[in-house]
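Structures incoming, each one as structure tokens.
In the two assemblies presented below, subunit A is common to both, partnered first by subunit B and then by subunit C.
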Partner chain A sequence: MLVVASLLVYGSLYLTPGGPLSFLVGNRSASPEVIASITAQYHLDDPFVVRYFAWMSDVLHGDLGRSLVYREAVTDLIASRLLTTFLLVSYATALIIVVGVGAGVVSAIRGGWAGRLVSTGSILFLATPAFVLGVVLILVFANGLGWFPVFGPGEGVIGRLWHLTLPAIALAMASAAYLARITRSAMVGELGREHVETAVSRGISQRSIIRRHVLRNASIPIVTVIGLTIGGLVAASVVVENVFALDGLGSLLVRAILQRDFAVVQAVVLLLVIVFVVVNLIVDLLYTVLDPRISLGGDS
Partner chain B sequence: MTAVAEAGAPTGRNVASRALTVLGVGGTVALVILVVMLLSAVLAPWLAPYDPNYPDLMASLQGPSAAHPLGTDALGRDLLSRLMFGGRTTLLGPLLVIVVSTFVGCCLAFTASWRGGLTDAVISRLIEVLFSIPSIVFALVAVAVLGVGLLPVVAGLIIAYTPYVARVMRGAALRERRLPYISAVWIQGRSGISITARQLVPNLRPLIVAQAVSALGFAVVDVAAVSFLGLGVQPPTPDWGLMVKSGLDSALRGQPTEVIVASLAIVLFVGAVTVVGDRLGRGVTGR
Partner chain C sequence: MTLHRNALIVGAVALSAALAACGGSGSSTPSSSATSTGGSVEFVSTTPAATGDIEAVSWNLPYEPTSIDPAYSFNYAENTVDANLCESLLRLNPDFSITPALAESFSHPTPTTWVYKLRQGVTFWDGSPMTAADVVFSLKRGADPDVGSYFGTYFANVKDIVATDSSTVTVTLNGPDALFNQAMSTAAGAIVQEAYTNSAGKDFGSPSKGVMCTGPFKFDSWKSGDRLVVTRNSAYWDAALRAKAATLTFRFISDETTAVNALRSGEIDGEFFYLPPAGINELKNSDTGTLYLGKSLVFWALVGASETGPYADPKVREGFSLAIDRPAVAKVVFQDTASPAKSLTDPAYFSYGAEVFQKAYDALPANNANFEEAKKLIAEAGGTSAGITIGVQGSSAVHEQTGSLLKAAGDALGVPVTIKTIPVDQYGAVYSDPKAREGLDAFLTTWYGNVPDPLDVYGLFTKGGFNNFNNYTAVDSAVAEARAIDDPAARAAKVADIMTQVTRDSPWTPLEVLPVLAYMNNKVTGATVSSAYLYYPWAAGLGKAG
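Presenting the complex of A and B:
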């Protein structure tokens, strides 16, 4: 899977009109030495398969090439920005799980106006793209009320988290809304089942029934959605980082695309795909923990 | 819109009651919102009060007034006109994405489910691999390769959305194939293509439509996000995503109208699409 994805990422370079060399040089005026060095760096004189394997083995050795714009190793460029993106995505993930599952559980148990509030809220937040929410948050809470800083990464651990709060909310809310809906419908389905009725009639406390019988059984769809969401969050953070001018992988990627810095584009895209695939793999492994009836390698 | 077209009833009252039963009250309201927004985008050249690109620096950053119902942006361009014309670029791209990816996805799905064996294995593998890449990444790679603009974004998103359609439709087509009526026409000696066109597609049409409507919401969000990043439609072309971006600057300078109307337009459209898609989907599973 990853091999094919990496082939796609690498091969896309060759789809550009004018071939890879004109693409890599882009609009920059290139001296013969620059062209020679690019040719050598990308092994442009070799056949495609050889080039691909050379690139792949470089990648596996931790060498992602050099940026044409920054004149720096891509690995260093990425490493210095990885932390921001990692913090942002982790923060957003925590918010998604707490808000999404919390709202879903509350609306499933309470029904009534709480249920209606959650379902209306979830439609609203599902319909709000992350960048729109980000802009609204900046204008209301940072610019208007002044509770949060507007742009930038912040200093120290607390400062960093403080600066990341609005971006994380912007990144999280749509997914949290979706998770709330999934949680609610999964729980409503479980609440009506016989073993839950039995537990109620035996006089087991509601809190314990919800935790041990309902939530545990409803956890498979919940975990699936959480997994899919986290994989997608890393890609969605591209947009949010740009809204809040955070110097993470996403702003690096967008700048690299605009400057046609292909080594950087390839590396970041490959990283996004790897994260997405790995997170999905972890989710598959989690299934067996949550539901012992599911066996790995079994027929799906 | 689709439900109305589907009903194909002769009288207006009939259409309305059909829409009400399929969509419910909320869904019908959402449908009306969609139709109004689409119409005002399509008819923008005739309805819009101003040229959307005509700058009037004397009237920049005004609030709503009689002359400019929604006010003006930083260059003094009329916001109502820009919103209406912006709907054209903002919605045309996603519509293209959905139409093409639904068509290609259905073709792949029906071929896979009908041929089975190696064909199915290859197509399913392809779907799985494309699935492993988030949709916005496709759009960004397409822009990196082909340059900024609406068409590269649309091309990238078509590749991203096709596997979603193909996966849903393949499963549905496989279920449908096992039903006896398909065997009945198969025994009559009709070809696979003819059965697909005359039996499978009409029977799966509600699902195809529901799937396409739900996907439209995601496509609008993706396309708008890419234009917000400055990688899609380029200024001065009016576009909702771009208006949110330029509106942020105006709002930081004290005039939030542009960002408010552009954001509302996006949220309202995507929300209405989601509600309609939900209701249509519920109707399908209820069958």
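Presenting the complex of A and C:
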């Protein structure tokens, strides 16, 4: 799976119109020296298979190439941004799960005003773009109340968590709203099932019913959505990174695409693919835990 | 009860719908407080002197520098940093006068030689002395086509650079060149250490290696994407410019709104804006800081980019120029921080031959909007249904708003205008690469002469000149002649004529004169705010206020 993905990532350079050299040179005029150095860096004179294996072995040795724009090793560029993005995405994921599942469960069980509040709230947050939310958060909580800093990723564990709180909220709310609605409808679906009715008529406590009969069964779609959401968070983080001046992988990727800095694009995309594959693997494993009827490699 | 609750929900939804609907770019609140100046605003060169030293200052750059190698420092962020690190043979002062720096004196014994006597006792940050060999090495870098210095055109007439003794360097030219010595006060004449530059190789000027120079601040560290830190050089030779700040940290917030918020909250102490950000009124009205308008050589222009197409016709260009209400642009688009321009070089450039230039300048047409005349010119040009494409930079309210005005002007004149928004990360390529300009008839830009000599601006209009985007050649020989006239008084007359002709033909249409917009938190003061900040160590005087 990873091998196929890496082939696609590497091969995409050669699918560009005009061939790899014209793409890499792109917006820039190229003197013969520049052309020679690009040809050497990307081994453009060798056959495809040789080039692919050269790249793969470089990657496995930790050499991701050199950025044409920053004139630095790509590994250095990524390393300094990896922590920021990792913390931001993890923090946002935690918020999405806690707020999303929590709100969904509460609105499914309680109904009434709580249900309406969550419904309305989720519409509001689904419709609000992340950068608008980010700017509002800055105006109210950073400039206004002064509880949080305006920009930057911060230093040290506490510092970073403090700096990343507003960005994580801005990033998380739309996905949390979506998860809340999914959770709510999955729960409501389960609450209507016969075995739940049976359990209620048998007098089992509501807490126990929710935990063992409803939530467990509703969790398949919930876990699926969480997995897909995490996959998309790095890309979604670009806008939030811009508003809060966090230099993370998302901004690096967008800038590199615009500037035709292909070694950087290749490396970041490969990293994203790996993350996505790992997250989906975890989700698949969770399925087997949550539903004994599903087994790895089975035909569910 | 139910009615109230539902009403509340509906109200909340309506409010949030309004919020969700504002997904557009930051809106600029119209300037209600600023008095409309109509005429000229007083621009300053310096700010009140600091009262004492300060431990740490943070300063924001509009984008992260691509390099701090002086040979490649030819743009706002790069020079903002580099001016405090690397010094040149001569110094361009805040008032645009030129005085000796690393060269303690210079002489011009023949029309084609310049002799620089080097200052003794100057050391690089690592303690080693600055030698004539380092000076020769640095100047030769500027002239070397393999290095490809962005200041290369200033070295076009250099024949030879030699250390005539251990403290003297002589530059021999192929012919007299009025711009060469002046350029030695900019980063073109920056002196770097030969040994360090050679050992750093292609990493020189990058985050890993930085530079090795002689300035009042020394390079400390550069974490790409995060910050660039410079610290006071305690062994600096010029006591008058000893750095008052122990540590100066540069940040790279490129989003205008975030930068303005960071300045207002005090998390960043200052910034130079080369175009007014959307939130400029918040900065003007802020109680925690002050906005200064600095005397400047920078101007806002619509630059012709193609040798073919409707815009290549001078009548069409003049027509467009007459359809633009410059005072309105200054008031609305620039929110009262610009003033209408009648030529590319306004009086700030007249450092020599002032009377001659002023007379020619006063004789230029006023450039007031004249719509009838504009329509007449377009008709004379043959009318045109063929449209023109104008490039503007993304992420900039000023670019986009000026673009909209040009489109409206075009619509009214019957010339369809397409505005092409080019992302800010790609805009640099428009200047350096003909391929990036393909399809563009014109684009908007700020521009500036490096030295206070109108020839530095008009000198780009040579045949095949790198920056002569639409290959306007009418003044090509006049420019070559003028550049060879060493005597300022004699040169003034010739350059004034060039100014008149270029203004008439308008290959580049001057729109506004742009002051430097310098914001400083009230706890610091002392920065230089004229556009000399690009080459003068503007942060040396930056220290504690009050």
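Quick note on the criterion: the second predicted complex is superposed on the first by the 268 of 300 C-alpha atoms of A that agree within 3 Å, B and C clash if a C-alpha of one lies under 4 Å from a C-alpha of the other, contacts with A are read in each partner's own complex, and residues count from 1 in each chain.
Methods note: a contact is a pair of C-beta atoms (placed from the backbone, for glycine too) under 8 Å apart; a residue touches a chain by one contact, two chains touch by 3 or more.
Remember, it's a predicted structure, so these values are computed and weren't measured experimentally.
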Task: Which superposed partner A:81 touches (first subunit B, second subunit C, both, neither) - done: second
- [ ] Give one of first, second, both or neither to describe whether A:113 is in contact with subunit B, with subunit C, with both, or with none.
- [x] second
TODO: Applying the touch criterion given at the start, work out whether A:245 contacts subunit B, subunit C, both or neither, answering first, second, both or neither.
DONE: second
Task: Touching partner for A:258 - first (subunit B), second (subunit C), both, neither - done: both
TODO: Please work out whether A:128 is in contact with subunit B alone, subunit C alone, both, or neither, and reply first, second, both or neither.
DONE: both
Open item on the list: A:136 in the overlay: touching subunit B, subunit C, both, or neither? Say first, second, both or neither.
Closed with: both
Open item on the list: Just checking: does A:273 make contact with subunit B only, subunit C only, both, or neither of them? Give me first, second, both or neither.
Closed with: first
Open item on the list: Touch test for A:232: subunit B only (first), subunit C only (second), both, or neither?
Closed with: first
TODO: Would you mind listing the overlap between the subunit B footprint and the subunit C footprint on subunit A?
DONE: 123-124, 127-129, 131-132, 135-136, 138-139, 143, 242-243, 258
Open item on the list: Could you list, by residue number, the parts of subunit A that touch subunit C in their complex?
Closed with: 27-29, 31, 33, 69-72, 76-77, 80-81, 113, 116, 120, 123-124, 127-129, 131-132, 135-136, 138-139, 142-143, 146, 149-153, 242-245, 247, 251-252, 255, 258-259
Open item on the list: Touching residues of subunit A toward subunit B in the complex: what are they?
Closed with: 1, 4-5, 8-9, 12-13, 15-17, 23, 123-124, 126-132, 135-136, 138-139, 143, 231-232, 234-236, 238-239, 242-243, 253-254, 256-258, 260, 262, 265, 269, 272-273, 276-277, 280
- [ ] Using the touch rule from the top, collect the residues of subunit C that touch subunit A in their complex.
- [x] 5, 9, 12-13, 16-17, 19-20, 22-23, 26, 66-67, 146, 148, 202-203, 206-208, 223-226, 251-255, 257-259, 261-262, 264-265, 267, 423, 425-426, 429, 432-436
- [ ] In the complex, go through subunit B and note every residue touching subunit A.
- [x] 128-129, 132-137, 140-141, 143-146, 148, 217, 221, 224-225, 228-231, 241, 244, 247-248, 251-252, 256, 259, 263, 266-268, 270-271, 274-275
